Structures are given as C-alpha cells and as structure tokens.
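Here's the structure, in structure tokens; my notes come after.
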Amino acid sequence: MEKIKVTIWNENLHEKRIPEKMTHYPKGLHGAIAEALEVDAEFEIRIALMDEPENGLPDALLDDTDVLIWWGHMAHNDVSDRVAQKVVSRVWEGMGLIALHASHKSKPMRLLLGTDCKLKWRVANDSERVWVIEPSHPIAKGLPESFLIEHEEMYGERINYPRPDELIFISWYSGGEVGRTGNVWYRGNGRIFYFQPGHETFDALNNEYVRMVIRNAAHWVANK
Amino acid sequence: MEKIKVTIWNENLHEKRIPEKMTHYPKGLHGAIAEALEVDAEFEIRIALMDEPENGLPDALLDDTDVLIWWGHMAHNDVSDRVAQKVVSRVWEGMGLIALHASHKSKPMRLLLGTDCKLKWRVANDSERVWVIEPSHPIAKGLPESFLIEHEEMYGERINYPRPDELIFISWYSGGEVGRTGNVWYRGNGRIFYFQPGHETFDALNNEYVRMVIRNAAHWVANK
Amino acid sequence: MEKIKVTIWNENLHEKRIPEKMTHYPKGLHGAIAEALEVDAEFEIRIALMDEPENGLPDALLDDTDVLIWWGHMAHNDVSDRVAQKVVSRVWEGMGLIALHASHKSKPMRLLLGTDCKLKWRVANDSERVWVIEPSHPIAKGLPESFLIEHEEMYGERINYPRPDELIFISWYSGGEVGRTGNVWYRGNGRIFYFQPGHETFDALNNEYVRMVIRNAAHWVANK
Amino acid sequence: MEKIKVTIWNENLHEKRIPEKMTHYPKGLHGAIAEALEVDAEFEIRIALMDEPENGLPDALLDDTDVLIWWGHMAHNDVSDRVAQKVVSRVWEGMGLIALHASHKSKPMRLLLGTDCKLKWRVANDSERVWVIEPSHPIAKGLPESFLIEHEEMYGERINYPRPDELIFISWYSGGEVGRTGNVWYRGNGRIFYFQPGHETFDALNNEYVRMVIRNAAHWVANK
C-alpha cells in the first residue's frame, strides 16, 4: 500500500518561550499531532519546524508531501514569503492542506483564501461543543452528532472567510458565540481543510475526536 | 412606486384551538407578521388562511403575489397537494417565498428542497442568539452582529437541509445546540428564505430584529 | 474486499418498442451500462427493469443497494409514486444515485432536486465535447481535459436545476449551445451525480470516457 | 437620489503603444466602458489610469468609490503592491469590483481569489455565444437567453478559479471550447464580478448586451 506522506509543520515558538505552559504537549504541538496520526499505518509522518532552514520546508520535502498540516499562531510573518508562496503553489498542484487553530491567519491560508480571516476571539474558560453538519462527509466519519472540547479559545462569528465550499462543523461556545469551525475550500487541484481546535495551553489536540477528525481529514485532503 | 404584493399565509389553527396560549399574538400569527410589514409603505399586504377556499390561495391571488410568507406547524398535510404544487410552480416562475419556523416541513418547502427537513428540536426554556454570518447580505441590513431571542423552540443540527445556497444566520441555543437558522435557496427563478423564529407560544415575532429580518427578506426575495 | 453493490435500473421500453433503432445496445441500455462496470471487480452488479414487480425495485433489493444507476426517458410517470419515494428515502439514508441522460426528469430526481429540470434540447446531428471543470474531482479521474462524443442529443442551458453543489463537466455542442452536464448534489447522507450522455439511438454509452466517468462516479457516490 | 460612484481603471497601455489597432476604442477602453455607463444617470463616473500617481488610485479616490471596474492585460505587475492591497482591503470593506477580460490575472483579483487564474486561451477568429445560467440574477436582467459576440479572445476551461459563489454566464466558442465567463465571488463585505469580454482589438465593449451586463453588474456589486 502506498503511504500518504504527511508533513506536520509547527511554528514551535511557544514550546521554546513558554515551556512551563505547554504541559499538555510535552513533545510539542507537532508531537501531539504526530501522535494523532501514528495510530494509522497508512501515514508516513515528517516534522518540519519554522526555525529550520527554509522554515523547515525545503523544496525536496514539500515536493514529496501529500498533506501538509500547519500550526502557527504568534509568528505568521516570520515565515518567508517565498516559502508561503511555495506552499500555495503546491496546493494548486494538488497537495492537501490542513490548517489548525490560529493557522487561519497564516500566510499560506490568507494567500489561498483571499481574505484577512479576522474573527471574534477570547481566551477564557470557554467550553466548545462541535456539531457535525455533514455527517456523511469523509471528514466526519465515525463521529457522534456532536462532541465536547472542555477548554478552547473561542473563535466566533462573524469570521471573515470566503464562503466555505463545504461546511462540516459548527461550534457552540459556552460564552454565547458560534463559529464555522470545520471548513473545506478547493483551490486549484488542492483540498484545504480548516479546523479550529488546537490552542497551545489547552489540551484539545489530545481529544480523541479531534484526533479522529485530523486523521479523517488527512486521508481526505490527500485525495489519492 | 410599484408596491411589493406580499401574501401572508397562516395555518391559523393554534389561534382557534389554543387561544389561551396565544397571548403574544392577539391578532393571530398572521396579524403579527402583518404588523412587522406595515411600517414599510412599499408592501401591499394580504392575508390567506388555510381554512379558506383553496387553502386561502386561489390562483387569482397566488398569481398576483410577489412574496409569499408561510407559517404552518401542526397541519402541514391539510394543505392540498394541488395548492402546494401551485406554490412550488409560482416559486419556479419567480415568486419569493419566506418560510417561518416550522414551515421548513411544509409541503411546498419539502417539494422545493428535496429533503425531509428533519432536525433536532426541543420546546423548553431555551434562549437563542442569532449570529449574522453575512453582514453585507441585504437580508441582514441594519442588524447588529447578533441579537437575542429570549424564548424560542430549539431547532438544532444536524438539520437535514440541502446545502444552503447562502447561509445568513447561525443560532446559538442556551441548551448547547447550534442551528443554521437563516438560509437562502434558489429554485428556478425564485428566491427562498427560511428563518427559524416564530413559535406560536413565544413572542419572537414581536422582536424588533426578527421583524427587521422579515422586512428585509420580503424586499430581497421579491427580486424586483 | 467488500463489494460495491450497484443496481442498474432501466425503463427498458425502447428496447421493446423500437429494437430496430437500438443497434448500439444489443443487450439493452442496462446491458451497456453493466459492461461499463464489469471491468472493475469491485462492483457487484444487478439489473432492475421497470416492468418487473415493484418496478424492479422491491425493498429487499433497494435496501441492499449502495449505488443506483437510473436510465429513464419516455415513461417517467409509469414509475409508481411509492417506488419513487422509496428511492428518495434511500438516497437520504446514504445510497448513491447516478442519473443518466433524460433521467434528470425522472420522478426520483425531480423529488430530490425540487425543480422541474426543464432544459433546451434537440435530437439532431450534434456532436458534444465534454470539458472537465474539476480535474481533481474523483469523478474526473483519468480523463483528458475534454473528450468528444460524436453524436448526442443536445441538452442545453438554461437548465432549470438547483445550483449544483459541485459542477464537474460543462459540454459544448456543435449547434451552439452549452450545458452543465456533470453535476453533483447532496441530499441527506446521499450523493447524487447527474451525467448527460446516453441517448438511446446514439452510442455514447459505448464511449470509453463516458464509461470511465460512470465507473468513477459509482465509486464516488458509494461513499464507502 | 444618491449616485453610485464608479471608478473605471484602465492600464491604458495598448492605447499608447498600438493605437493603430485600437480602432474600436477611439476614446480608450476606459472611454468605451464609460459610454456603457453614461446612459444611466444613477452612475457618477470617474476615470483612473495606471500611469497617473498612485496608479491612478490615491486613497481619496478609492475611499470614495462604490464600484471599481478594472481593465488590465499586459502590465499587471506594473501596479504597485501597495495599490493592489489597498484595492483588496476596500473590497473587504464593501467596495464592489468588476474585473473585465484579462483582469482575472490582475494583482487584486489574484489576491482576492487565491488562485493563479490560469486558463486556456487563443486570439483568433473565434465567435463567442454567452449563455445565461441564472436568468433571475440582477446581473442578467433584460438579457435574452444567449447573445453573440462576433469576435473575442477565447478564454476556456479548465479555468483555475476557486468555485464561483454564483455562476451567471457560460460561453460557447466557435473553436470548440467552453468557459465560465460570468462569475460572482464574495470576499468580506464586497461583491466581485468577473466578466470575460473586452479584448483590446475586438469590439465587444461596444456590444449592447455586454454594456447591459456591465451596467447591471455595477448596480449589483454596489450593494446599496
């Protein structure tokens, strides 16, 4: 069986700057995402970190990547324009892209979506309930009708996205907001999935359903 | 100025069967909807009730209607197939249709949408916060980023709609659910807007923002 | 490997009434469609004909069908309402549906789409060039950028469809028209694909690319 | 009546470099577009040319523009990044944008759409027939079911656009191609309409239906 080559990209700054707050992710956010994928033998996993040469994404790696998972938050502008544009071009060619949490505002996502992706947000004690809008979509395979994330940063409407080509999840927040938190867009031959969970100081990336979504999405955006 | 001819159709059964519970709508649900529209001189308003001949919608009236507002809940099947199909044909020709509250399961809506429109629901003490997803849409004109409806029946996901052509509102419910509660579909030359508020024993149809949405939508689906 | 259970439904009237004109399809239109699928061992193929009991679709068969392929043209109304509604319900539950050629106006399709599906048509000497709009869609896998069908009935715009959820093919006709000829709609948990080729007196269903599309679509609407 | 402030932006290079070939547009392409709009007293028209300061679009003008019509072809990269980004931001805020002909590859359009907008093209003796896909859309108001443009550059599929939010026109070309030639996208609060006609050496911008579309679109993207 041909493997799906997944590259997990992490900004990897919180890990270095506030390690004392990263208790949920002792192996880094990239490590948690890798754990989510490792249970599925179909994935071949690679890690790319921003402070590596070429922001961790030399052409040889990017050209050999079926699915790129992106986690960035505090340093979107530290990614070089050249690397961001290369990611965009690879998506147009057919590479799948999964953008997690604050990565909606990453350079590649803003270039691909064509908006500033601004939204309403709050870091607080919110809990989040993720509702499945398209239960038959491959990304939602195996999920219950909704699932709870006990603590997450609130990302609510109105979110300045282009209209999603497919709306998979809508979240309810305990503070009174809602958000389109699982969205698909197509650009060129590539599939893009944005998924909201994944704040650095909460433990959503350890949630079994969040991990299931990431696995499902990695299969689906690979489009093999 | 040419008027927009709006026909308000009401099942008009709760008014007769449980008048003691209809305290918010002393003039009937159709009366409340008419009040919402009357402040705008551009509308010419007519009332049609189910127990009138041809379910209140003889050809002469329907053919002279620019916008049909539909409120039905307990007796969808008492509308004749012939009248339902005539409404559908008028939408195809260009008549606008606004379906309120439980009217998502009315005969015309199921025929136009092609699904059973099942959803999760609960009549309880829920409050509902309606969030504006497309602030620049004419239906959302003048609204704040969200507005509160203190009491409403919960209509939550997963709602078995066809994917909306335009998603205008998403609601948050105090009980933990979310719903796509303001949706546009196009069928033939006609514009269809579904809007969730309007339970017979709560007072949402007296809410100033709900009324604003109904007025905005009546202008927009008229497509003059 | 679990098989995909495909039921091919044919009106089977031209075969009986004008056999002399059915020279391209000596085994019937259903036979040609079956030939298209038989090269792929993943399909388990069944044939259902309209003049069989329950229009060929008893519950036991329909409930055991992953993908229903529909070919009807001259006798849409001879399918019973009960069978048509049962097909619709099965789509809502997740059965895939492929509607070929004139089947856009079949009872199940009109019930699922919510429009009359009228279009501009002409049986003449038109050739048709099918252009791929979404080359990365699984339905388009393996196709060139366009392919020629030497003779087909023209089905052109404006076609009274609801806006497709995905537009896969647009056709060019030698007579000067265009048509959205490969369209996806989602209804409930089911995927619907409409594909225009397949007139009874022309040989499009023997075309290698048409057959490839039908195979691709059968895999895709099965949504396993 | 409040006027709709329309700014017509032209690259204005062919006018200076190959005036002998610009016989259809003695007042420049911007002059032809202005003529299309002048018959409607609701428009207040301004002209902006690339070789003016700030590429013709100083903040004072852009901030006072309801609708920007863009015509560029040979020198997309001569527009400064700053001006392009300012146009993009104004669209997000609600300014309407109409991109004509080769302007699909202009800097603002590529930034807003998120793709490279590559397409198949040929300058030859093609005629083009534009088919109306959404006859009830305000942009199509007053049009016949199709109209002919006797000479145009062929812009055909597969066109690397993001899926249009609304598909208004599909064109047939005499050379055998088709194209999605009238498309709407929403970005932020702004409406974007792309329309394919307008090659510099053919006379499409003098065509009465092309002019009608531009007027309709200017009203519609203004979203007053």
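Remarks
Lettered A, B, C and D in written order, each chain numbered from 1.
Definition applied: a residue touches a chain if its C-beta (ideal position, glycine included) is under 8 Å from a C-beta of that chain, and two chains touch if they have at least 3 such contacts.
Because the structure is a prediction, the values reported are computed rather than measured.
Annotation: A-D is the more contact-rich of the chain pairs B-D and A-D, by number of C-beta pairs in contact.
Sharing over half of its contact pairs with C-D by residue number, the repeated interface among A-B, B-C or A-C is A-B. Per-chain CA centroids place subunit A at a distance of 35 Å from subunit D. For subunit D, residues that reach two or more other chains under the stated contact definition are 135, 163, 186, 188.
Across the complex, subunit D meets subunit A through its residues 88, 92, 111-116, 160, 162-163, 165, 185-188. Against subunit C, in their complex, subunit D makes its touches with residues 120, 129, 131-133, 135, 145-146, 156-158, 163, 166-167, 170-173, 176-178, 180. Only residues 94, 134-136, 138, 186, 188-191, 223 of subunit D touch subunit B when the two sit together in their complex.
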